[in-house]
Amino acid sequence: MSLSLAQARTIIDAALAQGRAEGAQPLAIVILDAGAHPVAMMREDGASLFRFDIAKAKAAGALGMGADTRILATRAAANPVFFQSIAAATGRLALSPGGVLIRDADGAARGAVIGAVGISGDTGDCDEACALAGIRAAGLSHGDMQ
Amino acid sequence: MSLSLAQARTIIDAALAQGRAEGAQPLAIVILDAGAHPVAMMREDGASLFRFDIAKAKAAGALGMGADTRILATRAAANPVFFQSIAAATGRLALSPGGVLIRDADGAARGAVIGAVGISGDTGDCDEACALAGIRAAGLSHGDMQ
Amino acid sequence: MSLSLAQARTIIDAALAQGRAEGAQPLAIVILDAGAHPVAMMREDGASLFRFDIAKAKAAGALGMGADTRILATRAAANPVFFQSIAAATGRLALSPGGVLIRDADGAARGAVIGAVGISGDTGDCDEACALAGIRAAGLSHGDMQ
Amino acid sequence: MSLSLAQARTIIDAALAQGRAEGAQPLAIVILDAGAHPVAMMREDGASLFRFDIAKAKAAGALGMGADTRILATRAAANPVFFQSIAAATGRLALSPGGVLIRDADGAARGAVIGAVGISGDTGDCDEACALAGIRAAGLSHGDMQ
């Protein structure tokens, strides 16, 4: 199964609705497929210029390292030299919560990774909460690889 | 006036509806603001991998050179060496119809450029027709700079 | 279905065997998955330095445009300005035969694209013949999208 | 003497066998020649997307700085600002064990550097152990420059 544009739209709409409900700063949101290619993206009015690149680097970093950026940021705090070198080598790793792997919902079992959401604009915690709201709205699951 | 996300959504929805009505190949569509920064983008299921990059290079090229890519492609046919050097120097110029400047509608007068649409997936003619349908649906005008 | 490393090894071994049987110049061969990410690559002793990059650009170009590079090269001869601008915008398009889409073998029906082979080193015709021999050896099918 | 494709294949096969024997996570492995150009690379099924780039940056970093990445990571912990600037300036330095210089075996004497192995996928220690197993299987030696 691959992530469809219809699913990506649902994720974006629900994530932005969550942001508005929480009074978040203007957000940029990027949906990538499993190969880290863009499916859809939107930038709210007033979001500063780097927000799109940061959102993309959160989503690509989660896919590239196989874990949500919340987990990667924790690992990076314990091993900054390695993670900074990876950020430089790939140019696609933003070490803050808000990059979340999207998994195929598969009943009780953990599904395969079919893409990732990246959000930037507010705090990492708020960005991530919006991403999770989006994934849930699409009936998909999330979480890092095991 | 700057291009809003709401306007970008309207353009995308109408452009994709036009593509479906014409039986177009799967399309990628990119909306950039006047600073050539992305506002929104979507890639239809089944579009090949470069379609997003080409759509972006059409929109950025139109803004970068101040003319729709249909006009730029005609100029390039007459002066290929110059336009190829620009494509190489910028990496953001796709010389085929489908990159269209978006102008603020301002009654009878020609409005200011507030962004650009880029579409790739079908023929350049079809891509451009979808872009124009999108701009019209948003109540905006289009056309190259003078 | 996604392209496995075992399949990629089979393709490479058969392609290189074909090259040796034909007395080809030293070859570089790259196997990409459907998202244009490398699965395996080998460069024969004596292949010049650009061969790897050219092989990769053939495979990525086939995936990016949805057609074998033999077809893309023919189209480019008729519309050089557009294809040169795409090569510059993507940095991943080599316009010579030897980039071939790999399809899931699915009985009589045409299967989904699961990756691409790119080969560079000898003539485009020879490079492509080696790619086709490799795909056949893996029991997979090939050909451009429709 | 330069590293041959036959030697690179032996290194890869033995390194991957070691990984499987140790129950390692899926690995990406890159073999570069003395000029930091790829000779061969393979990515095991299930390895996340950045693994190839990280493996390449380990191998290129070892060659670029003239020492195994285990040593470079230790130096970087003591002088992070310098090493981060090198990582940013080159984009080809991953500061974790698993990048190992390959030396021409020359009896008792230390041989010349003829290439490097880079592995990523499991812990740095495991990645490095697989690299060393590969180099030994090819009858070559290893170690940083003096």
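By written order: A, B, C and D. Residues from 1 in each chain.
As a working rule, a contact is a pair of C-beta atoms (placed from the backbone, for glycine too) under 8 Å apart; a residue touches a chain by one contact, two chains touch by 3 or more.
It should be emphasised that the depicted structure is a prediction, and the values quoted were computed from it without experimental measurement.
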{"item": "Identified repeat of the A-D interface (over half of residue pairs identical), from A-C, C-D or B-C", "value": "B-C"}
{"item": "Chain copies touching (subunit B, subunit C) - same or different residues, decided at half shared", "value": "different"}
{"item": "Rounded Å distance between subunit A and subunit B, as computed from the means of their C-alpha atoms", "value": "27"}
{"item": "Between subunit C and subunit B, distance of the C-alpha-averaged centres to the nearest whole Å", "value": "31"}
{"item": "Distance between the centres, which are taken as Cα means, of subunit D and subunit B, whole angstrom", "value": "45"}
{"item": "Two or more partner chains touched - positions in subunit C", "value": "35-37"}
{"item": "Subunit B contact footprint on subunit A (complex, rising order)", "value": "2, 4-5, 8-9, 37-45, 49, 52"}
{"item": "Residues of subunit C touching subunit A in the complex", "value": "33-37"}
{"item": "Complex contact set, residues of subunit C against subunit B", "value": "35-36, 60-61, 63-66, 79-82, 84-86, 88-93, 145"}
{"item": "Subunit D residues touching subunit A - in the complex, by the definition given at the top", "value": "48-50, 53-54, 57, 61, 73, 76-77, 80, 83-84, 87-88, 91-96, 124"}
